[in-house]
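Structures are listed in the sections that come next.
Look for subunit A in each of the two complexes below; its partner is subunit B in the first and subunit C in the second.
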Partner chain A sequence: MTMRNKANVVIIGGGISGMAIAYNLAKKGMKDIVVVEKEYYTAGATGRCGAGIRQQWATKMNCLLAKKSVAFFEKAQEELAYDGDIEFKQEGYLIVATTKEEDEQFDKNVKLQNELGIPTQKLDKEAARKIVPYLNMDIVTSATFCPTDGHLNPFTTTDAFYKAAEKLGVTFYKFTTVTDIVVEHDEVKAVVTDKGTIETPVVVNAAGGYAKDIGKMAGVDIPVYSQNREILVTEPIERMQGPMVISFSKNIYCQQTPHGAFIMGRGDNRPPGYAMDSTWEFLDEMAKTVTELLPPIGELRVIRQWGGLYNMSPDHQPIISDAKETKGFYMACGFSGHGFMLAPMTGLLLSEMILGEEPSMPLEDLKLDRFEGKDITNMEKSVV
Partner chain B sequence: MDPKNVIICRCSDVTLQDLYELFDQGYETFEELKRIKRVGMGPCQANTCGKMVQWEIAKYFNKPLEEVKFQNMRPFTLGVKLKSIKEAADDDEE
Partner chain C sequence: MKNKEAVIIGAGPAGLKAAKQLLEAGAHVTIIDRNKKLGGQLVKQTHKFFGSEKQYASFRGIDILEILVQGLKPFEDRLEILNETSVVGLYKDKVVACVKHDNFFKIKAKSIIMATGASEKHLPFENNDLPGIYAAGAVQTLMNEYGVKPGDKVLMVGSGNIGLIVSYQLLQAGVDVVALVEAAPQISGYLVHASKIKRLGVDILMQTSIKRAIGKDQVEQVEIWELDEVWQGIPGTERVLGVDTVCISVGLAPLTELLMQIGADVEYIRELGGNVPRIDFRYETSIKGVYACGDVVGIEEASSAMVEGAMAGIHAAHDLGYTVEDESRKLKVLQEELKFLRSGPHAAKVRAGYTKLEVKT
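Then we have the complex of A and B:
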């Protein structure tokens, strides 16, 4: 297959973000869109993630992005006319508090979420136990629950965006690596890959854990770093847990997929880098935490363990932005561990930005220049 | 035999016909098949179906078998209970 040598936009990265951006641009009528992926689609964080969808955040921006994305996911199967199943399950997230500080922070979070129209409830111990009966009530003090949070299948959801974009005429090159970006007079001119060069006035950096390197190719300094996060999956068993259970203080999230397997992870603070190894330390800590918080889950056998990259931004909120220093360069990165659930809004907002349309929501808190010479006051705390 | 009736991955209930359809959609590596249809992701972790999947990829795309990559191997945690891992970890700390 010979590669085309011209495009209106080249999107780097075939994860959920790249696919959602391609779909939104194509839907708005843009032609000659190219997506370049160095491996297969979902090879990055997208195919390694928990794919949990939650609206219970501590910052207004994350709450709004998540809420609007959930509204999309609720009709995604039809809108994307997908022949498979994206497996959207909305059985809620139960976030448990184990300390007094957490309990107080949760009051604030629920207030904010309710003001924004997110139907979160604060629960006492008894009410939390009704939702997940085997929670260890010796350590849980209270909880919050949002019934419209949930879970998706990350592979089929990405596949759904991919196929819808392909139907709208988007060109895809997988197993193709971007090696450079040609910039002249501070304007993007072309994208160089190991299979050929594509002339283009617009480049979108949706390279996940490698976003910083792609930025460098275009002379744009993006203040993000990558960090390994580990996760494991158990054998499938009969359905026993509806919601995702998380605890920030205990450092755990744990969810049963519709397929029956339990998926769980935690966020140990690893040195920045690109390693995605699986460690015994993770396995030990994970086993300890889950048997403490959800004792019966300890009876399950582990069948696989893996790692993936979180792309961390200074305030743990995404960077969805253009770049002042390089015309035609756009980015969607720094998702800090929750970029899967935000993809519908990532796609919408970036397509509006590229086409010069009125944005669907205020963008100041998403732009790259929010970090310039300012202290971070708006840090998202609800991250595992 | 009708490819619909040939089970390739019994853990994840995937037939030869399913594989052919995925090949036609452009999914041509083990890693892709695994993600879209859970081929090789069952309790046996491809011990049963792995070789067959490799063989079918090779045949369909006319590639030598040696060029078809097997799925990435993960560390051997297969089949150990979380509780037992915890107990072993607790023992180590004592």
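Then we have the complex of A and C:
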């Protein structure tokens, strides 16, 4: 297959964000869209993530992005005309507090979320126990619960966007590595890959963990870094847990997939870099944490563990933006571990930006220039 | 976490030979194996070996096992055997995660010798999960280790040495081998084994494979069909055979998962059975202090696994700072033996595989 040498837009990254951007652009009628992926689709953070979908955030921006994304996922199966199953299960997120500070922060979060129309409830211990009966009530002080949060299958969801985009004429090149971006007179001209060069006036950086490197190729310094986050999956058992259970203070998220396996992870502070290895330390810590918070789950056998990259931004909120210094260069990165669940909005907002349409929501808190010479006051705290 | 010096994963012929060399040089050795008995696949190999006299040709596998285990006896004070122990994780700081009788524990090793061997491949066909469908090695375990007859009427799929030898052993146990089917146009194992079962009346069908298994709760019949020159089934050639057991013997795949987890460079080499670690001429993988030998570096036979194990053991001992008596001469002799074992026409595939690996390494 020879590679085409011209496109209207080249999207770098075949994860959920790249696919959603391609789909939205194609749906709006754009032609000659190319997606380039250096491995196979979902090989990066998308295929490695927990695939939880939550609206319970501490910043307005994240709440809005999540709320609108959930609205999309509720009708995604039909809208994308997908013949598989994206496995969207809205069984809620139960976020538990184990400290007084957390409990107070949760009051603020719930107030913000309710103001934005997200149906989160603050629960006392007894009410939390009704939702997940085997929670360790000796350490849980209170909880918040949003019944419309849930989880998806990251592989089929990405596949659904991919197939819908392909039907609309998008061209995909997998196992194709971008090696350079040609910029002339501060304008994007072409994307150079190991399989050939594609002339294009627009490049979208949806490279997940590698977004900073792609930015550099276009002369754009993006203030993000990548960090390995580990995760594991247990043997499958009969369904016993509907909601995702999270504790920020205990550093755990834990969910049961539709097929019965539990998926859980935590965010140990690793040095920035591209390592995605799995460690015995994670296994030890994860086992201790889950045994403390959800004792019966500690009895399960671990089937597999793996790592993946969080692309961290300074305020732990996404960067969905153009680049002032390089015309035609756009980016969707710095999701800080939450790019999967926000993908419908990532796709919509970037397509509007590229086509010069009126944005569906205010963009100032998503733009790259929000970090210029300013202190970060609007930090997202609800991150595992 | 326990600190150990040399940790050998897998107590088959390669692992036991590596242990011997390390112990002779003075190292402390821990052997981990998931089975109760040491010896890997030797425990069920009641047939006599071919190959080189130095690798115990004309001895039976079970007797070779006894020789190898006896060879470790003088060093018992420096040898620890963790049997019935599965290695469930291998991490880049050389931490070996183990499970024994549902207890999880970790060992930190100075050097690791991977002698994990291989697993049997399966075939995709309709109903390939019906009870009564076995891998040939599993049938050998049932019969030769536990004395259990797997069934009464068997279809053997595959004419490699395992398929041929297990067919013979089934006949010895009074089991009717209804037919042996082979997808290729020629026998892939030793002709002498094939002739033996042919003389005993087994129908050997070339360019033929299993299409599906038939049965409700277990195998009752199988449908076989002929294959064309591009390995596709030819409609109209189907035949139904009445059997209660299907034995799949279609090759082995190196058990490389742990090496992948630790991050060793792995290469797909078809001739060696699949994904194999890149090793240098010292049997060291791309990770310093982690060695690999035996079937995990390429599917061969127990005899070559023993030679490779000895060489890996010598290099590991050297790297740990021990003096191996007569090291260069020993290595040279072992090198020659390996060359001899790989010299026949049956080793052409293996030779091609190692040439590829060498080019890529």
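Note that the second predicted complex is superposed on the first by the 384 of 384 C-alpha atoms of A that agree within 3 Å, B and C clash if a C-alpha of one lies under 4 Å from a C-alpha of the other, contacts with A are read in each partner's own complex, and residues count from 1 in each chain.
Keep this in mind: a contact is a pair of C-beta atoms (placed from the backbone, for glycine too) under 8 Å apart; a residue touches a chain by one contact, two chains touch by 3 or more.
Just so it is clear, the structure is predicted and the values come from calculations on it, not from any experiment.
**Student:** Classify the contacts of A:283 with the two partner chains as first (subunit B alone), second (subunit C alone), both, or neither.
**Tutor:** both
**Student:** Counting residues of subunit A in contact, which comes out ahead: subunit B or subunit C?
**Tutor:** In the superposed model, B touches more residues of subunit A.
**Student:** Looking at A:4, would you say it contacts subunit B, subunit C, both, or neither? Reply first, second, both or neither.
**Tutor:** neither
**Student:** Who does A:167 touch here: subunit B (first), subunit C (second), both, or neither?
**Tutor:** After superposition on chain A, A:167 lies in contact with neither partner.
**Student:** In the overlay, answer first, second, both or neither for which of subunit B and subunit C A:374 touches.
**Tutor:** After superposition on chain A, A:374 lies in contact with neither partner.
**Student:** Enumerate the residues of subunit A that count as touching subunit B in its complex and touching subunit C in the other.
**Tutor:** On subunit A, the residues that contact subunit B in one structure and subunit C in the other are 278, 283, 302, 305.
**Student:** Quick one: in the complex, what on subunit C touches subunit A?
**Tutor:** 88-89, 91-92, 95, 97, 106, 261, 263
**Student:** Residues of subunit A touching subunit C in their complex?
**Tutor:** Listed in rising order, the residues of subunit A that touch subunit C are 277-280, 283, 302, 305.
**Student:** In the complex formed with subunit A, which residues of subunit B make contact?
**Tutor:** My answer: residues 27, 29, 31-32, 35-36, 38, 41, 43, 45, 74-75, 77-83, 85-86, 88-90.
**Student:** Enumerate the contact residues on subunit A facing subunit B in the complex.
**Tutor:** Counting only subunit A, the residues touching subunit B are 39-43, 47, 84, 155-156, 159, 232, 234-236, 259, 278, 283-284, 286-288, 290-291, 297-306.
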